[in-house]
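Okay, structure first, notes after.
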Amino acid sequence: GYARVDIDRARRTGDPEVVYGAGKTAEQVVDILRTLHERHPERAVLATRLDAAALDLLAAELPDATLDRVARAATLGPMPTARGTVAIIAAGTSDAPVAAEAALTVRVHGSEAVRIDDVGVAGIHRLLEARERFADADCLIVVAGMEGALPSVVGGLVGIPLVAVPTSVGYGASFGGLAALLGMLNSCAPGVTVVNIDNGYGAGVFAARVARNARER
Amino acid sequence: GYARVDIDRARRTGDPEVVYGAGKTAEQVVDILRTLHERHPERAVLATRLDAAALDLLAAELPDATLDRVARAATLGPMPTARGTVAIIAAGTSDAPVAAEAALTVRVHGSEAVRIDDVGVAGIHRLLEARERFADADCLIVVAGMEGALPSVVGGLVGIPLVAVPTSVGYGASFGGLAALLGMLNSCAPGVTVVNIDNGYGAGVFAARVARNARER
Amino acid sequence: GYARVDIDRARRTGDPEVVYGAGKTAEQVVDILRTLHERHPERAVLATRLDAAALDLLAAELPDATLDRVARAATLGPMPTARGTVAIIAAGTSDAPVAAEAALTVRVHGSEAVRIDDVGVAGIHRLLEARERFADADCLIVVAGMEGALPSVVGGLVGIPLVAVPTSVGYGASFGGLAALLGMLNSCAPGVTVVNIDNGYGAGVFAARVARNARER
Amino acid sequence: GYARVDIDRARRTGDPEVVYGAGKTAEQVVDILRTLHERHPERAVLATRLDAAALDLLAAELPDATLDRVARAATLGPMPTARGTVAIIAAGTSDAPVAAEAALTVRVHGSEAVRIDDVGVAGIHRLLEARERFADADCLIVVAGMEGALPSVVGGLVGIPLVAVPTSVGYGASFGGLAALLGMLNSCAPGVTVVNIDNGYGAGVFAARVARNARER
Amino acid sequence: GYARVDIDRARRTGDPEVVYGAGKTAEQVVDILRTLHERHPERAVLATRLDAAALDLLAAELPDATLDRVARAATLGPMPTARGTVAIIAAGTSDAPVAAEAALTVRVHGSEAVRIDDVGVAGIHRLLEARERFADADCLIVVAGMEGALPSVVGGLVGIPLVAVPTSVGYGASFGGLAALLGMLNSCAPGVTVVNIDNGYGAGVFAARVARNARER
Amino acid sequence: GYARVDIDRARRTGDPEVVYGAGKTAEQVVDILRTLHERHPERAVLATRLDAAALDLLAAELPDATLDRVARAATLGPMPTARGTVAIIAAGTSDAPVAAEAALTVRVHGSEAVRIDDVGVAGIHRLLEARERFADADCLIVVAGMEGALPSVVGGLVGIPLVAVPTSVGYGASFGGLAALLGMLNSCAPGVTVVNIDNGYGAGVFAARVARNARER
Amino acid sequence: GYARVDIDRARRTGDPEVVYGAGKTAEQVVDILRTLHERHPERAVLATRLDAAALDLLAAELPDATLDRVARAATLGPMPTARGTVAIIAAGTSDAPVAAEAALTVRVHGSEAVRIDDVGVAGIHRLLEARERFADADCLIVVAGMEGALPSVVGGLVGIPLVAVPTSVGYGASFGGLAALLGMLNSCAPGVTVVNIDNGYGAGVFAARVARNARER
Amino acid sequence: GYARVDIDRARRTGDPEVVYGAGKTAEQVVDILRTLHERHPERAVLATRLDAAALDLLAAELPDATLDRVARAATLGPMPTARGTVAIIAAGTSDAPVAAEAALTVRVHGSEAVRIDDVGVAGIHRLLEARERFADADCLIVVAGMEGALPSVVGGLVGIPLVAVPTSVGYGASFGGLAALLGMLNSCAPGVTVVNIDNGYGAGVFAARVARNARER
């Protein structure tokens, strides 16, 4: 009734549609996720931006669903075999929901997800010490709020394709993530690309497409 | 004297530094490009954002340099063997300089560049007819000004990693490319990433890194 | 008491004043709608932007009123005979309230309203398949949030007068509909006009004026 | 070479493509206008946003072209028979170039264009006295800079479809036409639609489509 | 304790300080208003921006206070004799709270306040009919939201000093009153001055100073 | 031909129209000023925003005109007898052109203009020492760029009606006068009103209307 | 688990990490503050931006903590010996929370904090009278909302290093503190530096570093 | 005549006024600098923001002046004895003019200036290697354009008072330095303060005041 799911998307682009929970009732979320699962029973389907009510109803109505309450997301169906690796590097504790959404999306879209948290640029040694944990990834997702400086530093350390995700973490002149967004768009490190504020999902789809198509190392 | 070139960058990231010509005198451009070439004689080095004076002095002083006057760029040294393919799709005639900068950057950074021009969304059949020319690429660069709608349509047709480049083409409420930038950041097609306005260079570095590391088809 | 209704408007412009419910109490809405109906008993009068309380009080106090809870609007009195047709094309499920407000306004202002939903540009085939459903309309209303790209594509398919309505659907750099608004104002398709964010009402008045005055096909 | 003209557009939308002169050399303008004319010899083709050099070269190379130096535009080929009437109402002397571009575009796209100038809202009697000159038009184009208030007043006088064109006339907090644009988008008169700042062309295409399809009066 | 009232202000500027209720507790409001009244028992003191709690506590604790619930304000002490007249002209019903705050402030600061409501520019005849009611005032306050066009029309009808107050009435691209503010700052009528969005108080102080010092008519 | 002068304005508002020179040729300026003078030979008419060419042609063609090259303005005809006094207080040397435009406008519109320059808030003693020079004025015009703080300080010293003029003096985050404009709109001194950036003319018209109507002291 | 505290920070920068309470649960705040205290038992550690729940749980769980409910902050552990003095000058009553956060931060970071409140520029004599209370400080923090003019005046009175803190106090065109921020960035007083809107903490850290390293007077 | 120099400033704040050359003629610059020098013959006075004409006239008219063409500044009179040290750290080659203006200002205002250039965050090792060159400074000035990330990294390495200067270096979404400015205001490193875009002078005054008052090391 209320939505015409783009059933054909998986054929055209390799990835099925995803439930975007914002502005949908819990019932709608459950309903669409169930429909998507019926169309694609062989692979996990994903619902994002779920509020507590939607997560609770999912738990009750679809007991086979797997919930990620930090990511505010859920999956239904078996995860695909992973090809390639995406490292998700996050600046601060408050960026965790976005990093979690990105990691889960990467996994659903067919790659391995490695998390490296709390390595903000004001304590640069933490990032340098973690370098070997991301230096062999096929794609990087770098998540940061406030001034959004982390992608520039990471992008100067390695030549791996890097997707930056600005978050709305901050106050005052952060203007809801605008400062981080502008910072990332103006990165002096070459080859940094950017997605919308808090869009862990978009970064995850992109990075999984890069990683799962990368040659073996 | 006037600049400390980051000589070590190729070792860390796989790609040597590039001369960013904006705000530099023609003499400085020639000088830095020559220095970079001496450090990396085995592979092409690149200079971008060159005005007419810099291009003319390069032609006179470095006759081995190859000039691309549409891209406002130049290279010196042998192109690397290409691995993988990047398709550069541009909406309108006025986007040509940015598309050309992207294509040259892709080539210098080690991938094949395929150009598809003048396929703006107001004549959508032109894009649909060109689909087979980009459906096998390893990465896409989509260049558009004004409303910046092209990446959303392309991103719905294929599942290839897609980097969108907003251009400053437009007037009035385009606010120097801001409208196209915001449009691309809000793309409803999943997996679209974005670079700064007119930043064909950044998109090219990124896309070449994806494509040259992609598995053979 | 609290408002001086512009009673004369129907004589000057052909259309009676409409109740704009935002910021009014339920009692005020009922009161003004009743007054307008008394002045114009022969034709439907309209109230928009009604919250649940206003809709409920209307249902209780004016049982002859017709409620549209998706559009958050109500009418009172007989609909006029329809002349001409307006097609309302919407990009996503979340745009439904704005599309519904536009459709109801069109009908109240004397034209037929045809709805075409969920044809966003990331699945362009859905729009192309629906082309014949809007190709004979006298005016188009195209509703979209996020990047607001749909009017450019529709405007390249047909030469029908097209009014674009940006919606506040989106997050982050959509800035409450600003991205969609700017996108539509910069449309590369000729002859696209734009109304305020979420202004289905304004688009409906305009389109009905065009359609009801169009020559027969 | 440098541009792929959308030859098919006239078949799809009823109107041939138009030369947008901004950013093109005088030679390119002459060349594309000649090509368009060859494809559509039976009807006038249009070039807009021409600088002095382009206008002069057109005069020399295409003596059959008709130049409008206020509109900064030119046409080639016979004007179509006019159906319907568009009144173009402008607030101040400085808005003349935009009003002229709109009027010429209306005429090229098949309707009659009537000009009413210098009727800004700070001398409202001038507008009221001119009312009968626009009260029978099939569509209105209202052009204003600075605060952009004129469409609200006109839209309260008549019920004719009204397209508002903000201009960049003003200084300081007009921010290049932004004040007028926002004013028009927020018009309290119902049924006002808006195009980009200084976009007389877009308003003209739209209004001609409305007017040439209007029933006879 | 929590505030150092500027006791000396009346001596320097002729007007005592005023309680700005926003962000203050009901107790603080009552306390400061009582203190101000003790310092200035011979003339009314004013409290603005009061929420329901503050208004209710004032009614209970200071029974001599006069409450204006539309203006969200209160006074304590005898009104001064009025000299001169200020006409407050408001565009729409929703602007009433701001117009009421302005009117009460005018009265407290020593002039007569005349209200003219609901004369928005989309029904210009209502304003023209009301002209004689404001043509003899010593100062005008013009209150409008949305596009803020009313001051330009009024400013073209009379040569009286005119203070424009933009209101936050509107939605979407009104951006909380920004559209009205910019419209008023760019008014093509000479001699229009502007205060902050919703600042009926500031307009009232200013206008009363002009009117009470005007020569007799 | 090119402009319809609002001849009737003096009757309606007491002040004749003024030539706004921006965007007009020197010939147009001379022509319109001459026309205005013929209509109003008994009182000075004014032309503002004149570039060097217009000023030079005025000097040659209308030798009776009086030029003010700092204000970039000119008058023609006898100054009216002055009633009332306006003090124009400017923060810095760079604000001189705006202060001069305001002063000349005040004089042309019938009041005395007193200039107080270079009393910016970073040397507050200069302002305090000048207090007696403006404490008896009937209206104040306060001109400042950069942070625009001067009106707040002046507005706390006296209770005279105060019009603030932000100027575009500054760089970086002054954003062409936006910082000063916002500062003045948010002044914590009660009764400060504001005009557009650099709009000495508008402030002058307003202040002269206040001052010439003020009661004798 | 949920956070990797930057334990090493005190060694690198001389100051331990601080708990930023926004977006953290009361339990997390208590937990991290306890951990920080264990690492640095010899000196006070600080938690800021605490809501009522966090403050209450701190009072219950860590009875040795000292709460500052105006500053919305808490400390645990003995205050360091103070070296040098920082004067915190605030414009209005509503700025108190930010001034309190700054003062507490100064004290925790090792300097004396002196408060001077309610000395806004609209009553300049209050500031001038307080001059001797801040003229001997080693660093100044100046806190103001609305137009943010206070730092310019203070910066013209003394040559002490001055950190300005814009606050979000205001409405309408204050845009959440943007007006004050821009005002302070454009201060005409030399040597004014600025921190983020409402960032009393950042100003406090900075000022304490200046003051505790200042030579004795 | 054209300027009232704030002669008293040195007595109040310890530092004489400085010539701000923007918008002044070469003659004015020479004249004011000479006047300032006469008042303060015992210490260097400074002129900034000088164009080529002003620098050339200074060289001709005041042969004792010292010119710094990179900083676009000049001094006249003997430099004061330096107390304390300020390190000026700059991200890229293009930031040199701002760094030079800051360094010269520091020196004129009584401290030693140490320059560290071209240590942008995309090559973080360069900054880490330079650490010992700034770790003993009394105050830091960090200059960066584009994303403005450098202050966050530096601020995490040392606890020295740090003033950040955003520059207008960049393009597109850098919006003339806005991106760098916002990045610095949102720095996650504690104790970073910020000045206006390109304001090397303001940073220099501030830093010199901190450094010259610092205790000996």
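As written, the chains take the letters A, B, C, D, E, F, G and H, and residue 1 is the first residue of each chain.
The criterion applied here is as follows: a residue touches a chain if its C-beta (ideal position, glycine included) is under 8 Å from a C-beta of that chain, and two chains touch if they have at least 3 such contacts.
The chain lineup, named per UniProt: A, B, C, D, E, F, G, H = Nickel pincer cofactor biosynthesis protein LarB.
Nothing here was measured: the structure is a model prediction, and the numbers come from that model.
More than half of the contact pairs of F-H, counted by residue number, reappear in one of F-G, G-H or C-E; that pair is C-E.
Chain E and chain H have CA centres that are 46 Å apart. The distance from the centre of chain C to the centre of chain H, each centre being the mean of the chain's C-alpha atoms, comes to 57 Å.
Chain F has residues 9, 12, 122-123, 155-157, 172-174, 178, 181, 185-186, 190, 196 in contact with two or more other chains.
Screening every pair of chains for touch gives A-B, A-C, A-G, A-H, B-C, B-D, B-H, C-D, C-E, D-E, D-F, E-F, E-G, F-G, F-H, G-H. In the complex of the two chains, the chain B residues touching chain D come out as 93-94, 96, 117-118, 122-123, 125-126, 169, 171-174.
Residues 2-4, 6, 8-9, 12, 22-24, 166, 168, 176-178, 181, 196-199 of chain A are the ones that touch chain C when the two sit in their complex. Looking at the complex, you find that chain B touches chain A at residues 9, 12-15, 18, 138-139, 155-163, 181, 185-186, 190-196, 201-203, 205-206, 209-210, 213-216. Considering their complex, residues 91-92, 120-124, 128, 146-149, 152-153, 155-157, 170, 172-175, 178-180, 182-190 of chain B touch chain C.
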